[in-house]
Every structure is written in structure tokens, then in C-alpha cells.
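Before we start, here is the structure in question, set down as C-alpha cells.
Naming follows writing order (A, B, C and D), and every chain is counted from residue 1.
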């Protein structure tokens, strides 16, 4: 048996966490002899039922391997060959998917600068003069991330306003919901209240960062967009042959609101972390804490020292902003130890 | 807990089988707290070691989600924008990946007709007049499947001859090794003897059909091709965030030759099946049985009746050829019951 | 001034001919001061009128630079991301456009073997089992060449049958009409009788091989397909800024049936050539002569000798078939001299 | 014969001008019987010689139909599948080619904001942290426009600095030289001094806006990049069959420095226009006049009135900036009449 080097609790990413026991149990339980491949199995039917219960009867769901896959396949459903995607410049599809959207979809991404990862109706409005101009890529879909890559959340009203504005101009609204659960937990509402009820056309549902082993899904709420999904998932290399083991993870998260329990806990840990350092001279938060991530600016020397003992990423090297992420299995003890170390280190850096 | 409808042992695909207990155990054991994401973890290091032990020190390995992904990312490493892939017309990349190679790589596939899924030096030779002609896609890589989609195997010598011929003309040799394990088991040799030792430049290693939950890998043997692999895997939507759970499956298969045990058993079951029906009047084998699949032609009426009780696909509707596939967990009892039913049904159809 | 080396009348391609004087005059006459760019000019309006007069009121026309461009932009109008094109394996889009369709459209071409460049309903029928199978590219459009790359013509009835069959199955019918004029001249009918009247959905109209300097057009007859054409032409790098000089060429060809005069003459020269050699022992025609090309098989030694004095291409090196092409400015004297040389050379080869 | 509605001298684009008589004469003279197709002709050899005389012996030249084609084929020579292009957000490839680069090359464009269309070393530096990060598209080439879409010019020193910086980091420097002639005329230097001598790796040479009918070229100065050009031009639908008629235009422009004469005249007319309005209250120039375009801000009411009699585009609707472009055949009388009308109209708007 493999014995990994002891690895400390990471604050680098919610991808560093393992699998929630209930999710792992569901995977193990799905291993009961033969089952049809490619999603024609009872576990996938159960996952579809669970999504419909959560998001409404019109929701169609396509389990996929990872978030990039769910984003690319989903956007592929709305884009014509000459279309563009409007998104925040911080969007994962723009900055962290190695150009997958451009290469695999042939689309232009039009990155919009933001203060905190959230785009507004005005940001979109500024791009619409291209509509009808045959020399320009046509804005076709607005893609927002909920929660954003800056850890902030759109309120339900903000999403509704974006949806109304985009729909009125013939555009669609897409959501990268890699951390949709965290948003719903933070805003104390259902996930449906942030998607179906406010006009989102389709979204990527993230399971992996919320305690799954590797399970995401494309969820389509606008039935007009559904027809080619099976073809695009297959062509997009996101069709699992033994899909039951992906679907079972999704069902586990949606059963008994495990998704909310995991997300709420992770968020609470991020707030505990932020609260523990907010008063520190020399440390300031770049964005408000609205999910499971904290983005503080702190002295470069403190960053260097903390990174010798803790895993986390630098977010903005020019301004010494780092990113601390919590997960479903971060404990109060993890946070308190980390806070204590941060306080000592930042104080020393400020004093020194 | 979910209670699936009882599902009979399937002869439709080795994808219908579940997960081998040792593979599932490895997945469960990998769930030990935090670990770095995206492959920077000890389980992935262990998988790499296991592949090097199997395929030689120069092998680099990139775990992926599925075979289409491994094929597309791998071919992407060798193709320039104006290149073509030479492959049998039965190739999975040509006939079962919904045009992924054309769309995601922008490449032309040149399908070569074959008798039994295996292409020859002559087949390739016939395409080489395009070389240097700027009006034509340039043959760049020959892609063979081992075992083929017809269940047949290339011998080591046959692969060596293809490699020598292609290399002499500046082309590369790619292998879709979704069932490479079955070939090595059938030919009673190492997997290395069918790849590294005979000049294969890169191949897709299939774990899923051989008892994994969902684990494939791109293995690169020609070091010239390695440099862009990390970028192309990420862009190709095949980078698992919690990769340890994929890597652990691969290691489990390579540990103690579990891969061979599973493949040899599946092959033996296919031979038992073929042997059990070979003498039947009205039934004939389309291809020789050289792995875990049997392709018999039988009366249409018998097909219809058998499909009411057994799961299997029609391979060639015009000629009433079907495909029966066995897997690591097919038992002699499964086979014997099936054989008995086939014999009775075919006889009735022939007599009737 | 440039003094070119004397260059003999070529039998290699109708692309080797220059520009018909009336076409050149139209280009010169279009140079009257300023005009709007990108097709918003009176010459382009005139060309559109001329096309509507020829092909019917529903025809929309998009002047383009070359045939590859017209083919790719046209096919792009009908293809969804997971679609395939059914075409003869000899099709220009398959064999002579360096993989443009695969790379620029991301589509799969499914090449169908033929005897003489013409595909039949049966050939198409054999591919339709893929419809609805999400693992396979979906046949979406049948692309035929009129005249074919083998110099043969589809009759109006044959095209009507293909159109009816494809439309009944939800597919479209595309025509590469690089030499549509030659077909209409040969069949002694209008071009409309081979397109609009028999159900062609869209086609590439070839001007260059018929006496233009460089002018092709995409013509759309099925109005459902028209909407994205302006965007795809621009994105497809086929939008001429000073379009009037392209449009004027097209109008010139369509004025006073210059297109027919040029094509009929070229065809007559091909028949004169074929008639002059048909009785030669040792020479046989691979395909019937139905346009401006002749495909004889003749002794290899004769090929070698003739190529020292005449420009023409080898079509099939294995069977010693060559291609002789005539054009609008080939004269009877060119033909008679060539025939005389061929007769002498072939006889010597046969005797020797 | 076609009688166009009288069309006034346009200030909308140098694409609205006709063809310079010497260029048209060269086209007519090239119509001397047969010639080989696809560039294997003496006119194309002559054009290549002329380019080598202008840009140095290492220059290879590929005549193309239009600027989008030359840009896309050129960038295709340097881009790997996971690469990005750094360019000003105003770049033609970013804003006026309907997403051709993204779709046809699959590349990401990273648009950099600028004050005047010119990017700096600092702008590039800010993007280089992506290098080596497999989650991000890799900056591979910097694309500048000379002159810029804002009518401004890079000095030779500025280009040299960009080239040195990019080369030192393994990147390439590409130039969209649609108006390279205007820059050389403005800076009173050779075109070579702005390309070959300062480290440009490859560029698009623009003929059409400088008096040609339709003739652009990709010129490669870095011999490492040359090998795939013939394939990519063909695949990129930019290979003219009767290429002599394109090549002859290019040669005409390069003969006797006609390119400079045309460009210098157009520039002089722009300066005359700017000089004629610079003192007007209510009118201010957005960018310095450094070529054949003037970008004034003026009262919205004046814009509306002037557009009733003159053709020109609005550049920035929010700030009432318009674009006035001159060409090789703009006369002093055209300018003086226009200036007089502008003065009267703007004064009335300001006073009113």
C-alpha cells in the first residue's frame, strides 16, 4: 500500500481536499455488477431526478468529468461559428483553461475588466454595438461565474437583471457554477433561486470542489438549447463510459442537502479565517469574503514565510495579494492554527 | 440506497462491467486527506513509476478521463495544421468518437478499408503520393488499434514492420491501446513487447475496459513528442483536478500484473464462447477470435430472439453479424448458459 | 515591361488560361473612381441581378476569391459542429484543398468510392445508419461536383433524385460547381435546370476556369441557409474589399451567355481531342468525355515523351492515366497539333 | 455597359478608391495566353524578386487575396495549439476580422488597451507571467499594426525595442502592414527599415489600400518560419489559381517606388485635411496625424450634417470621434472643398 508523505491541510484550493465519505460510499455502492454504459443506467437516472428536484422539471443534466468540459460543451450549445462570449477577464474560461474555448469552440472571448469578478449590465451594454456588424464577432452569450473567481457572489436580483438584459437583446446567460453550492449557502437560498428562477439558460454544476471525487454536470434550463447536447458531450470527450460512478457522486451531493452542508461549512471556515485576521495592521482584504475564499494583501515577507509552512497561491504578485481557500473538511483547528501563524508572521513583517 | 433493477451479465461491451475490487480499494485508499491537485501528488508519481517499469524509462504518462481524450490529445502532439491521420476505417477515432479528431484537432482522417481491422504497409504506401503535394493533407501519423475494433491483434512483428515503414518516411506510429492488455495477454507477451520494443511512438493505454472505474492514459515513448503534452491535456479538457483517484486506478492495474489477469480471463471467456458455438450450422465467425470479442454471423431471427434476453450489439446489419464481448468478471457459467441459449436459438432458426 | 518566356498552350488545367477579353474589359471599366467597399457597390448589385436572372429570384449570391473559399463558406452554412459531409472520394474538397474543410469547419468528410466521380442514392443510403447515433458524426449534407473531377456530368434527373433522397432524410444537397457552365453546355440546358429546378440547396459557381481572372461565388437557393452568409464569408477570409472588380467579372460571364460560349467551346475542343485519339491502339479512355477534360490511359513511354513538349498531369500513376484539359481559348489548331503528336508518340510506343 | 450612380470622393476608407492606372495596366499586360497556375509563373517570380530587392534576400513572399488572409496564414506559421497572440485591442485581427483568428487558428487573442493603437514593452511584460503555466494560453507572438488602426506609426526604434524584447523571451514579432507603405512614406524611410532591419519576423504587406485592385502578401523574414507556408496558404483558402494577376499588381507597386508615391500623396492629403481644421473651435484631434487618416472629435450635430454629403465612419460614438481617410487619388481640391464644408458646419454647430 502506498504511504504518502504527510501533507498538511491546504489553503491553496478546494481541489486539494479528498472525497466526502458519503460520496465515496455512493461510488462504492454503485459497483454492483454490470450496468449499461454511457449514461443509460439507473444511477444516472437517479441523478437526473435529483437535479430536477433541485432545479425544476425542465432541467436536463449531463454528467461530465471536469469543469472545463462542462463549460466548453455548454457554451458550444449556444455559439454559432461567428459568435463571441462576454465574460469577466477573471473568468476561469478566459484565464485558466489554456485557451480551450478558443481552440475547441473557435469562439472569441471578450474579457471585461471588473473590480471584483462581477460584470454588470453596463459592461455588457458597452459591447453590443458589434451586433449586426459583419466585421465583428457577435456577442451571443454572457458567461458569469457564481461564485466568481474573486470569491464574490452575485445576488439573485443581480443575476435576474443580467438575464433580463441579455434575453431582451437575444443573448443567452451562462453560468460557470463550479462553486454554485457555496453561493447558495452564503446567500442562504436554494441553488434554484440563483439559476432557474432568475433566468439562467444553462450552467456548469460543480461537484468536485464540494466533496466529490470528480463529478461535474452541464445543466440546461432553456429547453431550446438541449438538442445537440448528447453529440457535443461525446465529441467533447466528456462522455464517461462507466458513467454510473460519476452520476452516483452527483446524487450523493444532492441527497439530504449534503451539497449545502459541505459548502456552508467551507464558507464558515473562510469567514472564521477572515475574521481572525481582519484587524491585522498590514493586512487588508482585496475582495469581500462571500464564499470559501479569502484574498488578503499582506507584506511580501510574510507571504514568503507563510508559504514555507502552508500551501496557497499568490493571486496578484504586483500587489502582494494571495488566495486562501477552505473546503468541506477544513476544521476550526486548521483555521485557528493558521490564523495564529498569520498574525505572528504579519506582525513580525510589519514591525521588522 | 439505490436499488437497481437486476441487470443481466452483458455481452454488449466491456464497459458494462463494474470495477475490479482491487481497483476500487485503491481508490478508497487514496482518500487520505489533502493532496496537491492536477497530478502533483504521490499517487500520480507512483503511476508514472509503474508505467516506466512496464514500458521503459523513457515512457512519460498522462492520466486522462477516457479513451477519446487520450487519443485526441496524443494525436494532437504529432499533427501540424495541414496533416492527416492514416487509420483503418473501423478505427474508434474514425467511427466512434463523433468527429472529435476532425473538430478538436482540425485534422483529416484518411480511412483505409481492411478485412479485419488491421492495416498493412501496402495500405499506407498507397497514400504516400500526397507527401509534398501542397494541395493535399500530409500523412503524418499512422494510427492502429491494438486490439482492433474487430477483436484481432497485430503481432509484435507486424507492428515493428509498420513502425519501420512509417519512420523511414518521416511518419509516426500511434496506437489506440484501449485493449492493449488483451493483446498482450493473447499473444502471451509483455505490453512493452507490443509498444516500446517495436517502435510505437505514443499510445493510449486503456484501463476502463480492463476493470478500472474510469482511467486511461496517454503514454509517450518518443521523447521528441513530449514537450506540449501538459498544455494539450489541460486544453483538451482531460486534466483531472483530483487526479490521484485516476492515477490510483492505473497503479492498481499495473500492480502484480492485475491487468494481465483481467485481460487473460476476459480473453479466455471469449474463446470459450467461440469454441462453444463454432460448430453450429448457420453460424460463422466473421473475424478470428484474438481477444475478448466474438463476431459471429447468425440468422436474423436468432439475433432478434437472443436480444430479448441478452445485451449485445449488431455489428453489421446487412450481413447479420453481431458482437459479443466478455470482460474481467464474465464467468464460465455466464458463458455456458449463453452458449446453450445460442445453440438452441440458432438451431431453431436454421431448422425453422 | 515583363517578357515571359514563351509558354505553350497548356493541357494541364483550365486555370492555365488567361482572361477572356470581355471579362478583362469589364474589370477595366469598373475602375471609375470611388465605390463603396465590401460589396455595397453597383457592380455587385448588377452581379446579383444577373445571378437572379439565371437561377431564379430566390438566389442569393456571395462573390468570393476562389473555389475552396466558396466551398468552405457554403458548407459552413449547413454544418452543425457534429456533422459530416458525404462526398465522392475524388471531390475537390476531399482531395485538393489541403484539408481546409476539416480544419476550418471542423467537419468530417466521409469519402465515397465511385467509378466515375458520381455518387448515387445507394452510396448515400449506406451511410445513413449513423443518423441519431451520438457516437458518430451525423451526415448532414451531400456534396457533389458538377462537372465531376473525372470530367463527367450528372444529368438533371440524377441531381433531382439525389436532392429528393437527401431532403427526405433531412439532409442538404451542395454542389461544387467549379465547372457548372461546362455541364450546362454539355447537356444543352440552362444552369438553372441543373440547380434551382432540381433541388440543389446551395452551390459554388465557378468563374475562374471559365475565362475569369479570379471570381467565384457562393449561390444559395434554399433561403433557410442564407442568414449567416455575410458573417461566414468575412470570417472565412473571402470578403473582397474592392469587390466590384470581382463582381464585374461574374456579370461579364453571365452577360449574353458568355459563360455558355466559353464552356461550349472548351467542351468541343475536348471532344475534338478525344475523337482524334479514340481509335488509337494502346489508348483508352478511363471516363466518358462529358465536359472539357479527357482522361486517357496510354503507354508510360508515350506519357514521358509527350510531357517533354506539353503540359498535363498524370491522374493515376498506377494505371498510366493522364488528364488533358481544354479551355475557352484552346483552338482547333492546338488540338490538331496535339492529336497528331499523340498519335505518332503512342504508335511509336506501341510498336516499339 | 454599367453606368454607376455618381459616387462622391469618399473619406470613409482607402478601400473605396479604385485602382492606380499603372497597377491596372500591369494586370492587363499579364493577360498573355497561358501560364502555370498557383504561382508557378514568371509574374510571381518577378514579384518575389521585387520583394527581395525591397526587404532583403531572406524575404520569402506569398501573394494573397486580402489582409485577413495574410494575417491569419502568417500567424498560423508561429502558433502552436496552446498559444496566444498579444495585440492592441484596436488591432484589425481583434476587432475587424469577425473572429477569424480564433476560429481558423483556434488561438486566443489577448487584447491590450492602448492610448493610440501602439503597444509598448510594458504592455507585453504584463502578460508574460503566463509563460510556463499550463493553465494559460502561452504568449507566442506580438502582433503590431503599422500604421496602427488609429493612424499612428511606430518609429523604427520603437519596433526594434519590441523585437528585441519579444525575441529575448522566445516570442515572435508579427506586423499587420496593411498600410506599411504609409508608415515608410511618413517616416521618410524604406519599408525595410521598419521590418527587416529592426527584427520583424513576418508581416502582411498591404497593396489594396495603396492602389492595387486586390493584392496583399505574407512576407516572411525569419527563415525558421517559412516551411509550412505553402500548405497553410492553400488550406487557408488564399491560393490564387491565376496568381499572375495578383502578383503583377504587387510588382507594379514595388516598381519605381509607386508604393511610396501613392502613400506619400495620401498622407499629404490627410495632413492637408488636418491642417485645414486644426484651429477650429469645437474640433480636436484624438490621435496625432501620422499617415492617411484623421480622427477628429467634433459636435454630434456637425457629424450628422456632414454625413449627408460625405462618406465617413464614426470611430467612437460615445465621444463623437470620426475617421477621415484619404487615398492615392484624393486630390487637393477634394480636401479643400471638404475642409470648407467642415469649417462651416462645425462653426454652425458650435454657434448654434
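As a convention for this text, a contact is a pair of C-beta atoms (placed from the backbone, for glycine too) under 8 Å apart; a residue touches a chain by one contact, two chains touch by 3 or more.
All of these numbers come straight from a predicted model, not from anything done at the bench.
Undergrad: Can you check whether chain B and chain C touch via the same residue numbers (shared by over half) or via different ones?
TA: At the contact between chain B and chain C, which are copies of one sequence, the residues are largely the same (over half shared).
Undergrad: Does A-D or B-D have more contacting C-beta pairs?
TA: A-D
Undergrad: Give the label of the chain whose average Cα location is farthest from that of chain C.
TA: Following the centroid criterion, the farthest chain would be A.
Undergrad: For chain A versus chain B, what separation do you get between their C-alpha means, in angstrom?
TA: Comparing mean C-alpha positions, chain B is 33 Å from chain A.
Undergrad: Suppose each chain is reduced to the average of its Cα coordinates; what separation in Å results between chain A and chain D?
TA: 42
Undergrad: Can you give the whole-Å distance between the Cα centres of chain B and chain D?
TA: Their C-alpha centroids are separated by 51 Å.
Undergrad: Give me the residues of chain D that touch two or more other chains.
TA: Touching at least two other chains: 81-82, 97-99, 103-104, 106, 134-135, 231, 234-235.
Undergrad: Show which residues of chain D lie in contact with chain C when the two form their complex.
TA: Per the stated touch rule, the residues are 1-2, 4-5, 7-10, 12-13, 15-19, 24, 27-38, 41-43, 46, 65-66, 68-69, 72, 97-100, 103-104, 208-209, 213-214, 231, 234-242, 245-246, 248, 251, 311, 329.
Undergrad: Show which residues of chain B lie in contact with chain D when the two form their complex.
TA: Listed in rising order, the residues are 76, 80-82, 106, 134-135, 138, 228, 230-232, 234-235.
Undergrad: Where on chain C is chain B touching in the complex?
TA: Residue list for chain C touching chain B: 81-84, 95-99, 102-104, 106-109, 111, 129, 134-137, 317.
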